[in-house]
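Same chain, two partners: subunit A is paired with subunit B first, then with subunit C.
Let's turn to the complex of A and B:
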């Protein structure tokens, strides 16, 4: 019940915000309040049920269509909890970071909350159809957020995003429906282990499901919608777009493809690992080539998503734990970097790396946190991304040595381009004299950038805070796939 | 053995139709003798539609069943469900047509045409005799020619009506010819006796009869390659007429087709399922590909209706073996889902205008209307949790159970193919700047009520779904 409330509170919030007068000083506090509720509930769940996510208070099961086994089934598990938290957390950050949304703020928030319903729902859904419904519920809100509030290139970007991801998810739906029809139910719990399907059937069904999820992640070479969309979006949309949405795809692989079709996924594992490594290498090289700071962050984001694939494809405890955790840490660092890039672009009027330099002199907080985010992204020990990347890498290397080795090269590359970026942007002498007086992050901006940075630190030092929660679920998956 | 042709039960069975007929008479007579008040005529017509739906609901709830007129006319749960749906569609169409028809000055005539089509459709779903079926189908079709041509101020309306009439008459002849051949082969017009003669091994004459019958029906359903009248007729027709005609008669025709195939030719399924698969795939692709090029929204929705006929027809490709029950469910679920989203889309066009650019910036000028239209467009694409998604899901369930994987693939590809044109409308409404004055506001209360009602049904369709599927299971066929 608590989970259902947390999922649907933003829907009420969307209606509430839509009814208020469109004035920033009224809308923003209300929106903050709305966004705080799911986050507060998640924190309460963490404290009260952290060791016992199976508690009946958290789950609900109501059969909708008896004959086909479709139902409203939600509940939290270790695989989804971290992202459930992150979706609530980053929506709040996105509400704060909406300072560059100049007009129609209340509509912006209403649509953002609608997307939040879908995001929270995906991570809690325990039914295939319900999962798909929540999955697609994010689609139109995201299309509208990009298309209405993005930059001058927003319209083609928005429709491209929509068509690509809708194509992917529709193909995925084909796999879902076939699986449910053949197995006679859509409940994840009953489908775990294959729902009685043979190996060949599982292999055939896994293909469309993995393909559809791969578009959402996106897996290179299905990523061509991503740069346009990321570059056109307002900062606040970037936060959820890069922090949460790719995880709709990865959670599908971790929570649906692997436990439901263990034998079906198995033959694809080397390829999933290879595409993971490709993502890492391609993302790193592409980021290297960028002259635009935001594009660099976007490609780096594609790259580090590869670790989730690599870890998931390992089929061992180390790799799977790393993959589940990497979903959260990736979201934290990419959200942080996108906000900082937005602040820098707004202050200096440019996103060209070559034009910048010495920004830390006038904006110590912005510069410092940019360094922190970049160091986290390249996997510096002590920061959260390090933990999950190393776990994914070790697990992946164990199962797929070649792919693991290639992925490790990517880590070195990412260190190179991030250090290069930092050297050109925040260090060195100030490029333009008028930048002497650039204002450092104000209170609102600090409120948006400090929490994710702090979480990167905290989780870097105490990864057990999340790993302990996800471990039982990962072990459950391992028992299904028979690995160890 | 010889029972009297008409008993008390017969009258009870015909209550919905008798009520509809009575209201047609009352609407016409008040127009002749009473005041020519448009509001009175529309109100009476709305009541008539509700009476049709309401009395059918009562019969359904009371569990009334039986066959009449020498087993030529059957009242069962299946028929009653479709009578209710037709009545409700007519009700909302009357509301949506009230403002427009008041301006023509002939409200009574127009409203009685809507009710007459509903009456024909309501009889049609009960037909178990080939000739009852033909007569009811004509009763549903002939008033619709007049509806299309009703707007005398616009040339396109007469033109569309003329095209519709000419092609429709040809279709009816083909259909009749098919029925006669079936009658000739089987020696009976009754479906249960037709079933005895229609075995897996068809004689050439029987096959020809079947093909001609299906061609005639395909005409009425605007299924490719018999769809070419649709865009002209819908564009020419008054928008609310296009809304009503794209839903109510088609719904009833799909129901009729189900009855004829399941009751009359169950053993011939092998001969027609592949034919439906082919027609469905052609319709989906042709409808969606032609719709991509349209700038006129009525024309676009006309091609979209071709595509959606294809989606429903896809379920007919699964009318065999274990998938049969799901296929019947799929037709029912899709028909209801399509009714709410398509009526809604046409109603918004009625209010805002049929040119694509009149939708520019609608979100700024009329947010509630724009959000409703966005809901209809997204539903037509098949985005969950809106109505169209559930329709497509059920079609895929049925075709997957029947193992018709090519059809499953075609449904999936076409969902994506349809995104650009439906989302073109959303883009104009949300991303463009308002072009000029927004839609006229005065006197559109009933129309707006219909739009918002359809939007609510479309959004909350998941809650209708459970009861609807249970009902479909209970009534069977």
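Let's turn to the complex of A and C:
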């Protein structure tokens, strides 16, 4: 019941916000309050049920159509918990970071909360059809957020985003339907292990599902919607767009494709690992010479997502845990960096890396946290991304040495482009004399950037805080796929 | 050991780490008092380290750990403390030099705009270095290995508004990161083959045959490449001379005494694994020997006093690597220990000169002997120690290495080491003679004075150690050699035999060192400028070759740096024009087809959106009849509708 409440509270919140007068000083506190509720519930769940996520209080199961085995089934497990938390967390951050949304703030928040329903739902869904419904439920709000509040290129970007991911999810739905109808149920629990399907059937069904999810991640070369959308989005939308949305794809691989079709996914593993390595290397090289700071962060995001694929393809405890964790850590760092890019662009009036320089002199907090985010992204120990990357690498290398080696070389590339970026943005002499007086992050901005940075640090030092939660679920997956 | 003792040992790295957080977060409040916090913390850590050393001497190695990530059968990582004889000496050296540097920095960095931040990072460095030294496994080592690299980056770039400092910091991080990536792959190989990252367990697994042959050599060479990056060995040495853009006390601590020695320490730490691959040992030995010689030649012609000392560091680290490679384990680590003191002192001496006259160029100096007597005499002591002149500290360890190469029949390495002794004595006394003797060449040099006491006291202490630190490892009473020894296993594999102290070899290496000093005097003593000038004219191409660092940096710039950038531009353009262009083209083709089929669809994406909502709704309403879902769906529809009305796309 708690889970259901957490998922649907934002829906009420959307209604509430929509009814309020369109004034920032009224709407923003209300929206903050609304966004805080799911987060508070998740934290309560963590404290009260951390070691016992399959407690009855957290799950619900109603059958809608007996004959087809479709039902409203939600519940939390170790695979989805981290992202369930992150979705609630980043929505709150996005609410705070909506300072660049100049018009129609209440519509903005209402749509953001609708998206939150979908995001939370995806990570809690225990039924294929329900998963799909929530999956699609995020699509329209995200499309609207980009299409209405984005910059001057927003319309083509939003349309591209919509068509790409709609196509992907439709193909995925085809796989879901085939699987569910052949197996006679759509409940994840009953489908685990293949739902009685043979190897060939599993292989055939796995293909469209993986493909559909790959568009969402996105996996190179299906990523060409991403730069346009990320570049056009308002900063606040970027937070959820980069922090949560890609994980709709990866959670599908980790929570659906692998446990439901273990024999079907298995032949694809070397390729999934290879695409993971490709993402890492391609993303890094594409980021390397970007002239736009936001584009650099966008491509870096594509790169680090590759570690999730690599870990997922390992089929061992180390790699799978790394992949599950990387979903969260990637979200933290990318959200942090996008907000900082937004702050810098707003202050200096440019996103061109070549036009910046010396920003840490006038904005030590903004510059310092940009450095922290960049260092996190390049996998520096002490910050959470390192833990998940190294676990993904250890597991991935164990199963696929060649792909693992290529992926490991990515740590050189990410260091290169991030340091190159830092040197030209925050370090060096102050580029323009009038930037001497640039205001450092204000209270609202600090409230948006300090929490993700702090979480990166806390999880970097104490990764067991999340790893212990996800470990039993990963062990369950391992027992299904018979790996070790 | 008792819980109290464990707590005390844990405090050694944790205290500086806490100091980092306090200074980083509350630096503005603490202001000038940052140095007192730092000195207090470092002094405490030093005292505790001495206590740890005492415990190791009396009770043997200290070892305990806590779980960090635990996946049960899937593997687990711990963060632990392993203080054996090797680590015990190392933590004492690290905390001691760190204390000296924190003292010295208080005055040197006075008035700096990021004073508290400087001390914050310096303490983070000390904490990370200690975490590295006490690591019992590769994962913990890697964590702190990267963190010391981060501190190095931040401290080289402390004056980041200077483009040279900014670029040097970036270069240092990227070049060492190449080594780190190799180290990481090495760790991956060990993990895959043995399922563990603990040094001891990997060694046992290798002995049991779980990893061996070419794979073991490959893994070790990869680990060694990590060490090559950190310890600035050829071919990844290029970052260290540039790193001299950082504040000089930083150069003394990080780029002379401690962090750059981490590569040597890594090889020593994993020695039981290394000895199982003779090929890997040979590579270590020859890379070390070659680097020692190469860097010494580069130091011959430099004018910047810090760069001369930096090349000297690269060269001396080469000695240590060579020693480990040829099986002279104790000698290699003994040299690391002695080097820490005299090299830190050389940097602090350079720092006082810079403090006095803000120039790094030795030809801007001159006549400093009279103006800065303390600096002069301490520098001479450090120089003699570096040159390996009896009976100073450097002599004892350097002699062990040179003699070791001879006795183990590595005659090529012996020859290289001996030439390096000559070059070392020459370049360091060239710098000392030019800077301190004769008449001041500039106004600044004329006005130079010794720095305040808070800076000279650490220099005098280090000078005393530069003379005496080696006396615990003399043939009369070889305390050091009896304490830090290779494990029984390693000694067995290497078939180490006792060699009596060779007076002939010792005399030879001292004679060669004195010859180097004599040549430096003949060329650079006051009034002999014409000798150096004519030598320069005669050997101009050689001079250019050395001064351009053997053209290695130029080669890297022309190939790797340019290549990576070109590839970056290529991928960027491919992504935007090639890939995205293709997708857009495909989209156009589809929409062209769509035009033909116009009657079938209405166009806008909003309609698709509406279609999804309505169909989900319809599905819920018709098939499921669930009132709740219907209500929720309607709500969605109403909100979307109101928004669509409220805002026009």
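Definition applied: the second predicted complex is superposed on the first by the 484 of 484 C-alpha atoms of A that agree within 3 Å, B and C clash if a C-alpha of one lies under 4 Å from a C-alpha of the other, contacts with A are read in each partner's own complex, and residues count from 1 in each chain.
The working rule: a contact is a pair of C-beta atoms (placed from the backbone, for glycine too) under 8 Å apart; a residue touches a chain by one contact, two chains touch by 3 or more.
Please read all numbers here as calculations on a predicted model, not as lab measurements.
Set side by side, subunit B and subunit C differ in how many residues of subunit A they touch, and the one touching more is C. Contacts of A:67 after superposition on the shared chain: subunit B is touched, whereas subunit C is not. Contacts of A:415 after superposition on the shared chain: subunit C is touched, whereas subunit B is not. By the touch criterion stated above, A:174 is placed in contact with subunit B alone, subunit C being left untouched.
Contacts of A:26 after superposition on the shared chain: neither subunit B nor subunit C is touched. Touch criterion met: A:159 reaches subunit B and subunit C at once. In the overlay built on the shared chain, the residue A:140 is in contact with subunit B and with subunit C. Of the two partner chains, subunit C is the only one that A:8 touches; subunit B does not reach it. When both complexes are aligned on chain A by C-alpha atoms, subunit A residues 64-65, 107, 133, 136-137, 139-140, 143-144, 147-148, 155, 158-159, 162-163, 166 touch subunit B in the first and subunit C in the second.
For subunit C in complex with subunit A, the residues that touch the partner chain are 67-75, 139, 142-144, 146-147, 150, 153, 157, 160-163, 166-167, 169-170, 173-174, 177-178, 180-181, 184-185, 188-189, 191-192, 564-565, 567-569, 571-572, 575-576, 579-580, 583, 587, 605, 608-609, 612-613, 616, 623-624, 626, 629, 632, 635-636, 639-640, 642-643, 646-647, 649. By the touch criterion given at the top, residues 8, 11, 14-15, 18, 62, 64-65, 72, 104, 107, 110-111, 114, 133, 136-137, 139-140, 143-144, 147-148, 155, 158-160, 162-163, 166, 221, 224, 227-228, 282, 285-286, 288-290, 299, 316-318, 321, 358, 360-361, 375, 380-382, 386-387, 390-391, 393-394, 397-398, 401, 404-405, 408-409, 411-412, 415-417, 419-420, 422-423, 426-430, 463-464, 467-468, 471, 474-475, 478, 484 of subunit A touch subunit C in their complex. On subunit A, the positions that touch subunit B within their shared complex are 64-68, 107, 129, 132-133, 136-137, 139-140, 143-144, 147-148, 154-155, 158-159, 162-163, 166-167, 170-171, 173-174, 177-178, 181-182. Listed in rising order, the residues of subunit B touching subunit A in the complex are 326, 367, 374, 378, 381-385, 389, 393, 396-397, 400-401, 408-409, 412, 415-416, 419-420, 423, 426-427, 430-431, 462, 465-466, 469-470, 473.
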